[in-house]
Amino acid sequence: ESDQVSVKLALDWYPNSNHLGLFIAEEKGYFAEENLVVNMYTPVDPSTVLQTVGAGSDDFGISYQPELLMARAQGVPVVSIAGMVQHPLNSVVALASSGITRPADLKGKKVGYAGLPTGESLLDTMLKYDGLVGLGDVELVNVGFDLAPVLISGTVDAVVGAYWTHETILLENAGYPVVVLRLEEWGVPDYYELVMVASEDKLAQDPQVVERFLRAVRRGYADALADPQAGVDVLLRSAQGEEVDVAIERPGADLLKPVWKTSKADFGEQDSSRWQSFADWMHDNGLLAEEMDASKAFTSQFEDSK
Amino acid sequence: MNAEAAESSIQPAIQVQGVSKSFMQSGTPLAVLKGVDFYASDGELVSVIGPSGCGKSTLLNIIAGLDQPSEGSISLNGRVEERRLGEVGYMQQRDLLMPWRSVLDNAIIGLELQGVSKSEAHARARALLEEFGLTGFENEYPHALSGGMRQRAAFLRTVLADQEVFLLDEPFGALDALTRSQIQEWLLGMWRRVQKTIVLVTHDVDEAIFLSDRVYVMSSRPGRMKLVQVIDLARPRHAEMVTQPRFVELKAQLLASVRSEVTDV
Amino acid sequence: MNAEAAESSIQPAIQVQGVSKSFMQSGTPLAVLKGVDFYASDGELVSVIGPSGCGKSTLLNIIAGLDQPSEGSISLNGRVEERRLGEVGYMQQRDLLMPWRSVLDNAIIGLELQGVSKSEAHARARALLEEFGLTGFENEYPHALSGGMRQRAAFLRTVLADQEVFLLDEPFGALDALTRSQIQEWLLGMWRRVQKTIVLVTHDVDEAIFLSDRVYVMSSRPGRMKLVQVIDLARPRHAEMVTQPRFVELKAQLLASVRSEVTDV
Amino acid sequence: MSSNRPRVGVLGMIKGFSFSWLPSLLIILALLALWEGYVRIFDVQKWLLPSPVVIAATLVESAALLSRHAWVTLVEVLVGFGLALASGVALASMIAFSRTLERAIYPFVIASQTIPIIAVAPLLLIWIGYGLAPKVIVVALIAFFPIVVNMVDGLKSADPDMVSLMRTLGANRRDIFMKVQFPSSLPFLFSGTKIAMTFSVIGAVIGEWVGSSAGLGYLMIRSKPQFLTERVFAAIVVLSAMGILLFLFVGLVERLVIPWWHTERRKRALENSG
Amino acid sequence: MSSNRPRVGVLGMIKGFSFSWLPSLLIILALLALWEGYVRIFDVQKWLLPSPVVIAATLVESAALLSRHAWVTLVEVLVGFGLALASGVALASMIAFSRTLERAIYPFVIASQTIPIIAVAPLLLIWIGYGLAPKVIVVALIAFFPIVVNMVDGLKSADPDMVSLMRTLGANRRDIFMKVQFPSSLPFLFSGTKIAMTFSVIGAVIGEWVGSSAGLGYLMIRSKPQFLTERVFAAIVVLSAMGILLFLFVGLVERLVIPWWHTERRKRALENSG
């Protein structure tokens, strides 16, 4: 029992179906079996996760692959230890009634985004891929993080930055059928939307704790894969369950199931060529000032330990 | 005009009849005035003296229309007037100069309210600066003035507003003896020229006698008029008169009446 | 003690020598006092009269230590004192009652500063309420008081602070004739009992004569002492004296001196 | 006459409730009716702008949820405000005490207000974690500013003649501060405190963004992306009510602490009303 | 004596710069040195907390970028503040004018402050689009509150005897307002304005989080996920400088508009300094 370790985990966002495995591991005692006490919390500004993990005040965090690469470019010593999903969740979303079916249809339209450079580059690549000149063909509008309302209200014709496992459900539930343009289908290199991160120090000093943590997490997601809806039930039973919207998380869990684990990859697995090609794409688009060796940005060292 | 006018058939400029007034103080009513009768004929100069707290300022407040009596009535020129504000000029005990206005601008506030143009108003005020001993201070803010100067400035403001009736609540309280006697003589001169009705509250018996046609003596609170003394000194009056026998006699009489009051106000 | 004491060899309680003072007003220096010589012997009651704005309050400010002279020196009991604050009791022209303190608490502020316990201070203040005509008002805030009451409260505060020397700047300015003569007699009584030195600024010549051992007359600005008149009336004095021949004679003399001043202050 | 009305303030508001709040109530009802009508006629979706009826229903249904979170926020507000009051008064006293201190401190006080808290959020998270502390600090940071500025102006508003009087009575700097400057500053301080109290509420909401798992701010942030706009509005209603009640409470305290400030005006007003 | 120091304020600050700002400068330099030392000794990474030297370098390198964005923010601040001042003074006047209006309006004024702007910002975007307007509105919403509260208290601080005087001179309500209440309120108004001016800066930053393509707030939001922390801090420095300068500017205007408020204190102070 002296072995018991308490760790802090910063979530990327409020508890939702992306976190089912974590809540299952908590409720079913998988963490406890590894002698871990996991404190989960949600910082409101997701970009703080990489800093608090990098500085060691949090042990683990959930962040995004593009952000992780940008952080490393600035010297933040963070490393991805697991791909939480195998594909981008980010997407371009438009109302079905708009008639937009492909990036080229966005020509001359207003596109809302969160005001971040990544969104600009993603859109640019998709537009070019579909034969347009690029960003110059659309009017970009910084709408902050509330993407769905501006879409419905007609403030913009499409948004980039919405998750096809979340905002889309929200919109459909509200009575607005939508069209989703997946990034990886329109020229953006495939990447891992959400990644579990730890600091370089942590990996060097405490690999056992990382290993124990990931083992429990993997067991959690294995259960979630077996029965996503049971996982949602676990989430609803948790301390913050009352604020969870079942109408979104139930379909969300079903949508996520195929990206937690694909025919090619198990949960958490990461592929170095995908990391590198995405890093190259970021460099090409000016998101990284210098070329980067992406192999240092992630580690597969914990994958075999099942 | 002098004392006889009061007895004439002309309606008095101010007629106060059976006025009582009480205030709530810490929850209990405090009777301040009790059946006050008072008048001032047109063009008359009347003084009111009485112990501190007997309700002199309260009486003037009521005449000016700032306050309404609990009982009794006030008539101006024979008409009972409910709304008397703006009808009579009133110089209160505090100088009430506005700290954000220069002396000159403080003086012309009444004219401004009457719609007189600023340049015209300034001109009229400047013409009186000398007389009020304010030359050279017209552009200062009030805080730069001595106590006496402040009171003179307030007096100038009242005079400029130019109403038919003036109520003056201890207007010379803060004046030195010299300026005081000058202003007194000046007041008499002005009063003779323009035939204003003046009600003066003062605590200086010499001043009351020197200036007035009649002097009212009030009792301590609740205030009533306990004595009216007609001042039968000849006019025009001169500063030297204060040491003359008739003056000294009147003074002794009034002082005796005042002294007979109980003192715990 | 009376006028002869001034000539004795004992060091005067207050000695002002060659004091000049000027202020900057709108950028140019304004000479307010010019070579003022003045003294008050131990236990003497001295009055200062003079035109408004001649620098009477400025002189008291300097004696009290609120201000330093531009030239000249001030000695207390024969020692030249640079730091005179807290040495003399000073009642200023404005009553300066604190709106957040009751009358009683305003009165005891000096005792509070001397470290006297609150209950003891209250007891001492209560003992004097009657004499100052403030009974029943001790727990009111100042705004509920009439002008005269406010000044009496301020006077009570000064008296309670109980220093050897009192400077009184027109302390009776807002008092009615009745209270005024009562307070004057009370002041004389207290002064006789406790042998304080009192310097009184007033604009009431009667008052100056009635109370004082000597009266200083100041010139208009820049203020100098232009006359010192020893008041040789017998003590104890009575209110009736003001109509006696010697009194009237002294009054005529002082008024003449005051009137000879130029007036455009 | 407007300026002669008794300044009866909060106490009077409460006492004379039945009559005096009528206009306010009527306006509120009219506005709500307009809003309801607008939403119904133009068929505005409830996730875009919920109607008053829907919000009211949510308030009732989610009463337990809301009050649980409201309690958390209230604690943050009160603790943070208390800290702001203490530090604000202390800072203002230092600033008013010496010109040198004023020059040294005031720029920092002002600068502290121009730093967007969200930008230093990671530092806060690293330095003090995500418990009660960061919220309290955010509240205090936002609330202390109006207190300092008003109090400094108030301390400087002391009547210089009254200060002279104290000096002639032998008062030292401390006496003058305690017995003249401080009481003089109270009316100003209360103006600032009213503002600060209201800002404390918004401060707690912002604080909850830094990282939290409870509180009305948390609930809002959480409900927004779920399109539970009616819950966001319900939380806003609770926050507003909290802000108004706290504001009124400060007004009440003001009347108790500086009665002279009010009676001075009221007495005269009664006298003048005739 | 602290309270007798001349209240020379901004003008004096500027005139007496060389000497009087020395303490402030020394403190700032000391703090910066401490900070630099801390960062160097503990080898704190610049993505977490950049050192003053790094920030200074960024300020120089990115001067053009920063000033372009600062200009945008300044315009939002000034326009929003102007709107807040106008509407704040108007609202306060209505509130002080009639008790009924006070009861009807004041609750809304308070309520408006407890609504977390970030929660309604998206609605603002939908309702009024994404130009200058929403930022100006956010600034105005934040800034008008201290103005209203202080101005209301100021209007009520008018000397009731002075009001009586005006009435005896036949003044109507408007006259009394314009010639007594309004001037009396100015010292209070300026206290509020100083707070409002500072809050305007943070208001503009918040406004820029939604729907902007320029401004220091926008620059910060963009730089943060790129972990350009030194640029974020450089933007904060510029924002602070802007806030302090605007605060000092209001102080300067105060001295020009209500000179009597200052000279009243200064004259006495000179007199007492001896």
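Note that the chains take the letters A, B, C, D and E in the order they are written out, and that residue 1 is the start of every chain.
What we mean here is this: contacts are C-beta pairs under 8 Å (C-beta built on N, C-alpha and C of every residue); 3 or more make two chains touch, one makes a residue touch a chain.
Note that this is a predicted model, so its numbers are computed, not measured.
Chains that touch both chain A and chain D are the following: E.
Over half of the residue numbers at the chain B-chain C interface are used by both copies of the sequence.
Counting C-beta pairs in contact across A-E and across B-E gives the higher total for A-E. Averaging Cα coordinates per chain places chain A and chain E 40 Å apart. With centres taken as mean Cα positions, chain E sits 49 Å from chain B.
Per-chain Cα centroids separate chain B from chain C by 27 Å.
Averaging C-alpha coordinates per chain places the centre of chain A 86 Å away from that of chain B. Looking at chain B, residues 61, 66, 94, 144 sit in touch with two or more other chains. Counting partners per residue, chain A has 45, 47, 51, 55, 146, 149, 153 as the residues that reach two or more other chains. Within chain E, residues 48, 122-123, 126, 161, 164, 167, 180, 224, 264, 268, 272 each touch two or more of the remaining chains. Per the touch definition, chain D reaches chain C in the complex via residues 159, 161-162, 164-171, 175, 179-180, 183, 186, 258-261, 263-264, 267-268. Here chain C touches chain D in the complex through residues 61, 64-66, 85-90, 92, 94, 96, 98-101, 109-110, 112-114, 141, 143-144, 161, going by the rule given at the top. Chain A meets chain E in the complex at residues 45, 47, 50-51, 54-55, 67, 70-71, 73-76, 115-118, 140-144, 146, 149-150, 153, 155, 287. Chain C contributes residues 25-26, 49-54, 57, 93-94, 130, 133, 135, 139-140, 144, 146-149, 152, 170, 173-182, 203-206, 239-240, 242-243, 248, 251-252, 255, 258-259, 261, 263-265 to its touches with chain B in the complex.
Chain D meets chain E in the complex at residues 1-5, 7, 13, 20-21, 23-24, 26-28, 48-49, 96-101, 103-104, 107, 110-111, 113-116, 119, 122-123, 126, 145-146, 149-150, 153, 155-158, 160-161, 163-164, 167, 173, 176-177, 180-181, 187-188, 190-192, 194-195, 198-199, 201-202, 205-206, 209, 217, 220, 224, 232, 236, 239-240, 242-244, 247, 264-265, 268-269, 272.
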